[in-house]
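Below are two complexes that have chain A in common, paired first with chain B and then with chain C.
For the complex of A and B:
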């Protein structure tokens, strides 16, 4: 006890000391371009032969070399009857993307019809010569029946109606084609992310080295802004749904890996031993013991994969993914917020339906001993067949009734009913009536909080930043953490974008502080009640998949192209993980422990602060960690509103001559900010867990 | 001997006719021509219009959504066959970068000339928020500075510029060269959407806004006045040794294609190279969507049906 107080006091003294040194450096160091303590200038070796600022150009040239010159192969192009030089790498990556494209088209054309799948087995000439070789679309009524039947088979009436109504919504509101395009894209990207995530998670669980290697990679994949690798993806994998799917997989896999690993680690050794004693083989142990025991976290992982995939629907359309995301961008460019909102609701509905279906599927128990009749075994298939016949019949009737558009076959885009004018009027009303009252707030935010905070960050001498961050690292995790954090900072400080990184840091800090406060408060309040918890988790799902681009526009209308707008968007988005993880953490505290507490005579407040919050702490910290990542993502997105941080330069890199290199290095700068924070939080939470005896 | 030479002659003759017939039959590939769609109306309608023209010639067409800056890399590598709206000041850099790397060809200009510069919407002129506009000298008055102030512009007026991607520091440099730097700050918006959102908000509120815009654009319909800066002359740009104290020149609107397009789809390429739209036509296409609220595909169908005289000659020899 005595020793503990002293070490705690030492920490306090260390923190105070660190801040004194930091402020001394802050005040004393002269801001001037020549002062190396103020900003690290361009460092070059030899007579300008190598400089750190030239790294982006070098990376750019190497990627160009890898893609366009390394190991050339001659490819015969039968269309122009000539040989064409390609490279091995390009052929390999194109082969892979071709495979993914084939899968997406297969599902898409099963629903919407088309010729590309047939072309994959024949040729464009064959299609042109044979008019009949055209796969017909399923009438939307049949897909609706299919959704209803799947819902019923997996989760009963409630789910059936939910799936059916959602499908009807997309059809009736005239979003059938884009919605099905998005669905086909997600039905490939999500399972692939799930499989990759599960496999990597299991590997990391079995092998500590893989875990250590994987963690930073996952962090980079999650924090690296999408725009920094869009051009390389387009170069490697072409443009289209396959490229969008690959970008989506990169983004959606990390949470799956993390949650798989978390779930597996939580399994108590007794369970594993029980499995071994029963004579499980390795494979049985994995599939019959470990994965079922970690089910809860793995299912959260599935939920996250689905949410992330649909959250990428808009970004993926930048590199050619068809569907709701693209239509949404077009609607926003015309400031048709009502229309964009309806499209956004479709995206959310797809996400929620898929999530519920996959959850119901995972929860379904197989009855091995049932003696079923033919009808019982095949009733769902037969029901679908019946609806296929009936639906097709009605679609045929439709060709006789309607002369222009067959509403019983496919309802074309923007030919359905719409509520857009109502939403539009609502937004207009808000802008007209609230603009002036919000300006006082906007002025206050910008003049009294944001500008001073930004200037404070920009006024930090580089030495002071290093001292502060490495000092915090040292206090939390000793010399090793100090060096890790220092390493990340060093990378950023050697580029020419240190000032930009400071601006990113300022916005992220602000976003994280506010989001964590709101998220934790809301989370703790809602966790007290089962219904409220379920409700808030649905709100979280909705906002995570609801495309953030939609609220960027009204926010700009109210707050202009300013940092206030960017930060509001950041807070809306980054509050999600803070809330979600708090609720989940608190709700997962074993009932037995809560009851044990109640029996020992703790009141509600004591139970919350002494039992529930400490036990939920590791999970809540995971949430804070995610809040940092989400904030970073959204701050970079803020570039679409107009910022002057790293994000703006990443957007600019899309058209730069050395764009690939610039984009990647800028992306790494952003990722390294995230990694530095991640390292500190993980280390701290790990140590706290040990101190609290929960591990 | 005689027999042999005769046979040779026939073979040669046959070969000649064969190859001649082959030439005459050099048809377009059945593979789809991939046309990019970006996120603004005139571009999407024009994509469907061009696609419709190609389809009328018996070609297959596929549309792919793409980022308007990253698209040139895809044209260069052949994933996308062409690009039909290359704006000089917004995409000129990306276009020439891709061309330098190889694989992208210039297919000539549209008839339309573009103007991309700073300006104010109609209500600013009507309400006389800054008397003397559109002459740039008016901007020097304190009244104008006040009219364009915003929360984050300090005590200066704010100029809302497009993303820095579009033309770097051109506007800040011009403001400096014209001696307006102590009265105005330049704020870079992140996207065209951000520009339109601020414009719509300013219009609803009736407040002043000085922003970057271009024509032909959907804003033409509501009235938008471009500021009359000192006229552009060759050598005015800093890159050309000037001081930047001038307005924007009329810009071009180009067409680009993948280098294999002429060989793979010779007929479609010929049509594409002849194809040229003027400002009115581009305006019509955008208006069908932005004002008549048609869908992009329907707008393209209607335009093609109404303007057969314009486009059909391009498909003929």
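For the complex of A and C:
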């Protein structure tokens, strides 16, 4: 009898055995610097000529060589009217960043006015000689009308008012200039990411080899912390808006590639055949059949791109991108929470407006042959022209009324209405009245939970960690998964940052556990009712459009600069996917199975525990997977508040001239933690879904 | 093209083998006949195995087989949606496989039309735009292509739905659009890949009637693929029955029902009610020495389906003369034959086999 139980539950026995071995190793291995089972020391080859710990330095040197010595070329410099020696790579990257900079300035000056675009075609001398050569700003009223019209064209009245009011908010509350700077940044980064993503997606669709090559690259690119992109970007492209935009493009392109590929792959082969039998050339097939058929997925990709761009808008300000993000960063640094909150609201508004606009665009059907009158065809353009004239007229009137600042033309930064003092007062009140309880909670968290947990993680011998993770890998996916996970871990353990990685892992684990408990509970409660499900999904959608950095504002407000703040931000942010996937999983249990349950006479509780949760579990686990990814992102952002994990080192690398090697390797460490977990959970969930016969 | 008797489609020993190594293995084989055993061992999958046949102008060949029999693959070999592994496909005497990209596109734009099982309409285009699509890619100007598409809409009776999107139509309506699109360029050859399989039985019947009506007007050369034996019998001039890539039998519906070539074909024919399939011609007897007075005054056409004339013939006491298109008497039909057909057992089948 007992033997039978054992053979029937091999997996369970394996898990129990694994944990026994793990704890035995944990207890038995002595913590000592010499013990290779405790920590892997620096390993060097050829009498110290090569060591893994020296890899960052090697990367630094090779990039330096590529940038400053490799392939020297003679470049004519018009300023000094002579040839100058430069290197090929430097010229290429500088050329590219110059191009991006030009585009950003073009959009920026179309809205805010300026001279840089004119300079690009002439010279600074030309500007100083000709006073008229100054591009005027668009009055904010005209931009508002533009937002209103676009909203109306894409999504009707509701969207029009939402877009309009959000624009008015940024203008009236004195966020106009930084908001438009951020917008110009997004309006360049997003289309470029879109184009790159679309092209790569199409190439991957056409060519299987490219797809196979691209897949691991996309995986790493999507799990690398945002900060670690910035380090190499600074070296290659300098600092400023253009560097920020390039970092953003690299970050925002992968989801676009994925969604393009997904959309194209979903097209039924018969549609492709129908295109071919209609006599399409390859070009016609691509532009008239494939891309339009995948339109919805491609446009959801556009939506993702815009969201990523806004998330990066804050982070890019670390390397000199101007706009709301930069101001937010400054405000946070000075702990001017009220102002930070206002800026945060502006970013969120821009994010939500762009999100809604792009989704409305994705859902819009175009009627190609429709027989339209001139007015119908051009009404939006004409409406904008009218508002341009009217807005300019008001702006002119404004010059007559106001003597100092023309409020109808351009409201300068910090000259609008501000609610910051109100917020600040509110926070001061909270801190004053609740200080004690907040601090008690804070203390309790740190002393009784966080520090013991951190110690436990740091007390783990490296062999025990490997045994545990590879053992889980073996139980889930056999020898292959064990090797994959082991490979990721090996990379991290060979660097000098294993302890830091353990701290990152501890914070992530803590965040994931709490978020999953909260998310699953909320999800299960809401999934009992169709209305509640819809409501909670909308809440999740909305929270997901907030750029991740924003979540740090309220927690710093309440808990100051401590580990508790970081973890609270992690929990709030990572609860979103846990909730969403739980609701989706439970609501998507096949109706036939629900009915079969009802006819078997289950009560509500039995239905939930015996039918819905087991069937939804693989999907819920995918949610946990997302929770891990979200937690990692936020834990790394936590470096900004002050943590002592990998993120902190990445942040340091950012301000280090020779930080590129460190930044990249640290980034890989974080990415590999994410990818190891992702591999395990995806594999398990996929196998389980297959076993349950659900898709 | 000049020759009237030249087949429109001609396949010679067509093979389609799936697998990366297939071509290499076949090239290495010395004999003319492909050794399938060897390919199977190499892990290749045989789609079409040595198919040879001809389809003549205005003829409808129905390829029938269960799923995985290679019927759709055969169709795609002839439309060159997949490349043939070896063998020859001639369209109007021209070698299809020797054509380059440009010639192939030109051929599809002028001579071929295809209807798909899942309709394969472009989701982002309206009915009118879908039908006009082949004309658009061909470069026909907008007025002409709209005019032509409008004609097609009338042909398939979809007036009033021109500006609907595919998702707003029922399955039957969507397939009407598919049919209209495939006919927009006035092709000579019409490929239909299980066009009615995704439809409900009642709609399917209706669409088959519609299809026969359109074909009666247009007289296209047709290659029709189906897994439904009844549908094949109802529509075909000739039927090719496929199993595991091999054409088991290729003949007229009557001959297939009367003389199944293999046990596999017999499985399909067993349950078929003969009176619904067979025409008078295939069961009539010779006139012999009967005098005109010994014959009934009723006349039946040699092309009539037995079921449709059974009642009339059974109510006659004398044998009924069978006439051809020119009203010439070419045989007689006895009541006993009909009774055997309707109620007979195996022995009746045997007698019939002898007479045909």
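Here is the rule we go by: the second predicted complex is superposed on the first by the 519 of 695 C-alpha atoms of A that agree within 3 Å, B and C clash if a C-alpha of one lies under 4 Å from a C-alpha of the other, contacts with A are read in each partner's own complex, and residues count from 1 in each chain.
Note that contacts are C-beta pairs under 8 Å (C-beta built on N, C-alpha and C of every residue); 3 or more make two chains touch, one makes a residue touch a chain.
Keep in mind the model is a prediction, meaning the values are calculated, not measured.
In the superposed model, more residues of chain A are touched by B than by the other of chain B and chain C. When the two complexes are overlaid on their common chain A, residue A:691 makes contact with neither chain B nor chain C. By the document's definition of touching, of the two partners only chain B reaches A:657; chain C does not. Contacts of A:592 after superposition on the shared chain: neither chain B nor chain C is touched. Once chain A of one complex is fitted onto chain A of the other, the partner contacts of A:239 are limited to chain B, with no touch recorded for chain C. In the superposition on chain A, A:400 contacts neither chain B nor chain C. By the touch criterion stated above, A:288 is placed in contact with chain C alone, chain B being left untouched.
In the superposition on chain A, none of the residues of chain A is touched both by chain B in one structure and by chain C in the other.
Remark: chain A residues 268, 270-271, 273-281, 284, 288-289, 292-293, 295, 365-369 touch chain C in the complex.
By the touch rule above, chain B contacts chain A in their complex via residues 29-32, 37, 39-41, 44, 60, 64-67, 69-71, 73-74, 77, 79-80, 91, 93-94, 97, 100-101, 150-152, 160, 163-165, 187-194, 196-198, 200-201, 204-205, 218, 260, 263-264, 289-290, 295-297.
Per the touch definition, chain A reaches chain B in the complex via residues 64, 77, 79-80, 82, 123-125, 127-128, 230-231, 234-235, 238-240, 317-322, 326, 329-330, 332-335, 412-415, 428, 431-432, 435-436, 439, 442-443, 446-447, 450-451, 549, 552-554, 556-558, 560-564, 638-644, 648, 651-652, 654-657, 659.
Here chain C touches chain A in the complex through residues 76, 79, 81, 105-106, 108-109, 112-114, 116-126, 128-129, 133-134, 136-138, 142, 146, 163, 165, 178, 181-182, 185, 191, going by the rule given at the top.
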